[in-house]
């Protein structure tokens, strides 16, 4: 029983950290229609930023400023934001698939830097040596994991509430308008380029937060953590969950991540011993099937976006 | 607010059910009437990962046939790491928490092993032994006292291997060398060390080219290296990209004088490139033991797989399994710390030498029952761990043969150390 | 430099073949099909299978074509592989994408295609094993055309380039001179309008899949002939294919050809300036630059 | 916007929009050829011409969607050439589209609410700091939106997705949206095309009502009956050039105008 609790604590920690990134993507794609193919770049900026700022000094290498945790985390988030600003300014003219491939290229470039620029990022061996905040003070590892999960939940709920407030406000209405019809929005006095950039940067900073928490949890980050597969996983979570719906995004994360690792369990439990060696390939096939069948059954996601009127006026106290 | 019907999405339901189903017991027919679980997290969905898993299973079977651990069969629960840290760590966590394994084998990549070590095995007090993680980061973690003595790896430190590589180049009399290295932690490490060692020996390194994973073509890299016209090449690659690079290299008229790392000591590489082009290849590896039993191990392996135990990490995983299981046998109780505490006892240089075959394992059990210590003689040599869980092993030079590999030279540990000392002067 | 140019054009012509099918589907059906690259793997493995079958049937067929490492049986196998891959593409469409087209947005299809590619790739891995293989284990040595500047060329590579060229010219003729071609172009210009003008959209979509699949099979074969067969070859190629289609401008067949060449040349020439470790990023940086100048690709129109 | 007071004090003879020498080429095609035009404040001006005459290009150029090669544009006495469409709109010059451009997956009400100008709540940080102020502003906009919805008879469909409206209703929505910002001038691109007769009648009524309240109209329309009956002044474009500029009475007498329309199908003179 304790084992199960311990595992579930762990499972939800990772799942909910990813859910934060999915919420960030939902702001970009679900509400603003920005096809960000480089989610992992901003995740990486948050993660590397945190460890470079908060980790101990390394011989002959840049970084390791040993800053207090919260400042380091904020620094990582800020780094994601700055990266998004630069990328956004350069790619703001692009649409759809073009934006996707351009941002994807940025992610690959970031991964290349992480892998090769040893002076900056530790190279392929990654960055380690980061002290998890308060770990020594708590002492008991199981308790610490549980407390960390609580912190992740607080972050997720905080991001969720903030985003709900944001998308329910006139700003959210503006985001949807840009997503629905950019030309019309511009003809009505709105500045789509500015709005797209704002949403892009905010979404990227949320991804950076997710990356920061991820790096905190493992106290380690390496180029393997920021492979392109992560971008696909996060996208699949959003699309399966239902883009444009923050609760759908969180549910989609749990379903896709649960299916992804759950298929591994199922195989060790059910497949005959002789098949265990092939379980890896079979697991991928199962994952593919889960994604395809979920989408066939619920093409707009598990919890699709609902049609709502933004209700922010004083008079409309009662919501639908 | 509209009510959300959570039950309607079928797939959601399915995936929520998965954790529940897994608890149901497996019904495997076993020789012994009890079984002990150990865990393994290996990249079985990757070409070079599947043979490692096969060898691990082979070692476990061998151990079970000789009597298992404390009379119980070992059930190795194998999970795929997908070479993705998130996935690997989750699998490790499930093995530790749900299957309650006291011992975890894996992972292969350092990028996966490291987060498993820091966030799963050490906090849970589970022993972890990796066949192939090479990052120097592990030595640092252990030196900082953060592994609680639970971490071991049977992968001989890259330092020794690099020195032997340089020695092979020198002995062959090559004057200029081009280097291809895999662009991961191991490759960057050994590529850098070999380059430095060669330059110390006064051998020109014409170029040092990083080879990234999963590229559609390595033509451009090969062409770049070709332009520098090296007399020989050194390759620290895995078979998949090694085959691709070597074939391009040879077909473009590059020299067939090659020195290769232990990762290319594999049938896949030999068959993939074609033996006829590899006659001038010499490789380095950590050495198998200088005892007769080494032959019996190879024979056992050959009987099972119809090939020699060649391939990245195969001897290493074999030893990792055997040492772990012997330590389990020696441990008073099956907890990670208790098992880890016995690793030194079964790899004691002053202990009785035992071989990794059925007879050797039987003998080992008897010796352990008497409280004696062992000196395990395995596939990578008489393995000895230092305080950080690292091994230093003697080295061997090898060449490809028609149907396998042959040993060309043997370098005892003392020789390697002396050679390294001359390099650092 | 000369060698890098040649290599770039070679890689580029293979990419171009693969990208044509991708760009067609991406334009007609309005979604980025991640499973397209798996069709290359499928085609290459189908050819491998039927090569073995034909080789076993007749001794005459194991003779090599003059100059090349390709046997007659392999040449016949490629034709069958094209048909089978085209059919597989159409069947996948029938099973998955056609249903989603009616119900869902393009992104749903993109991720369904991602799922499909996982399935196809790992089924290949289960059936054929994870190791890489070759049509012919003998290494074909390159001929030195020129020592300085260095230029090394294999007969197979000339064959691949000629094949790609012939196919592109044939495709050009089909598209500009036949009613099938007219239909395809019309649909890719404007699916709704084409339908209004009495074009059977369903049949045209099927045709596009078969055509894309057939070209993918050839591209897969060419790639495997010059490099190797491996279950993950689709995964390794997918990004370059997308890059080619997008640089060229989605929907433009000629753009895809040019895009393929640009991406091929970019990854080949980049190493002259930049360390090899950064190679994976190079094509994308070039794409970024291209898109900065032309936001809809070289031949693309804004939608 | 305090334009309602301003309009009252100014004479209708004053020009609100003044275009001089506007020229735009698309490769070989000359879409606008030295077009000069002034629109008097408070007028309803009809812009006619065969398909491809350059009418929509003129609109697009004026609002900054298309960059002119030559020429100047002044609105309310201020040069606006080089402005982006959003900036032009914020100056008080609104336009609608020939093909309606709704925000399809937003409700009709939200389509309108969005269009209100200078919204405090459109800053991403505002919901945390200015909630009360935003609520107050939204209340005002909401009331205004309901009035406009009623005025344009769209109140019944206020909570429907805009995509579900009929073509005619979408045309009305186009007009309703721009009214939210109380513009000085509205440029309507074929407001009656594809709209059934009774809705067209309604639309014309509304245009007159709005015109009386001080809004200037420039209308592209193919229906000559409509133009002749309701426009103070008619401007005709052909091949990017102005071929006629005068009153409806003059227009009926103009040979050149009639010539350019002879054989034009679907044009009811």
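Order of writing sets the chain letters: A, B, C and D. Residues in each chain are counted from 1.
What we mean here is this: a contact is a pair of C-beta atoms (placed from the backbone, for glycine too) under 8 Å apart; a residue touches a chain by one contact, two chains touch by 3 or more.
Since this is a predicted model, take the numbers as computed values, not measurements.
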{"item": "Chain C and chain B - chains in contact with each", "value": "A"}
{"item": "Contact-richer chain pair [A-D vs A-B]", "value": "A-B"}
{"item": "Chain at maximum distance from chain D, centres defined as averaged CA atoms", "value": "B"}
{"item": "Geometric centre distance via CA averages, chain D-chain A, whole Å", "value": "43"}
{"item": "Chain A and chain C: spacing of chain centres that average the CA atoms, whole Å", "value": "32"}
{"item": "CA centroid of chain B to CA centroid of chain D, Å", "value": "73"}
{"item": "Touching two or more other chains - residue numbers and ranges from chain A", "value": "115-116, 240, 278, 281, 284, 290"}
{"item": "Two or more partner chains touched - positions in chain D", "value": "none"}
{"item": "Chain C residues counted as touching two or more neighbouring chains", "value": "122, 125, 130, 275, 277, 280"}
{"item": "Category of the chain touch graph - line, ring, star, complete, other", "value": "other"}
{"item": "Pairwise chain contacts, counting only pairs that touch as defined", "value": "A-B, A-C, A-D, B-C"}
{"item": "Chain C residues within the chain B interface of the complex", "value": "3-4, 7, 10-11, 122, 125, 130-134, 137-142, 144, 150, 152, 154, 223, 226-228, 230, 232-233, 235-237, 240, 267-272, 275-277, 279-280"}
{"item": "Complex interface listing, chain A residues touching chain C", "value": "29, 90-91, 93-98, 100-102, 104-106, 108-109, 111-113, 115-116, 232, 235-236, 239-240, 243, 278, 281-282, 284-285, 287-292, 295-296, 299-301"}
{"item": "Residue ranges of chain B touching chain C (in the complex, touch as defined)", "value": "45-47, 50, 183, 209-212, 214-217, 219-221, 223-224, 226-227, 239-240, 243-244, 247, 250-253, 268, 271-274, 277"}
{"item": "Interfacial residue positions of chain A with respect to chain D in the complex", "value": "165-166, 169-171, 173-174, 176-177, 180-181, 183-192, 198, 202, 305, 307-310, 312-316"}
{"item": "Chain A-facing residues of chain B, complex", "value": "1-2, 4, 6, 9-12, 14-16, 18-19, 21-22, 24, 26, 28, 43-46, 49-50, 53-54, 57, 77-80, 82-87, 89-91, 93-94, 96-98, 100, 109-112, 114-115, 118-120, 123-124, 135-137, 140-141, 144, 183-185, 187-189, 210"}
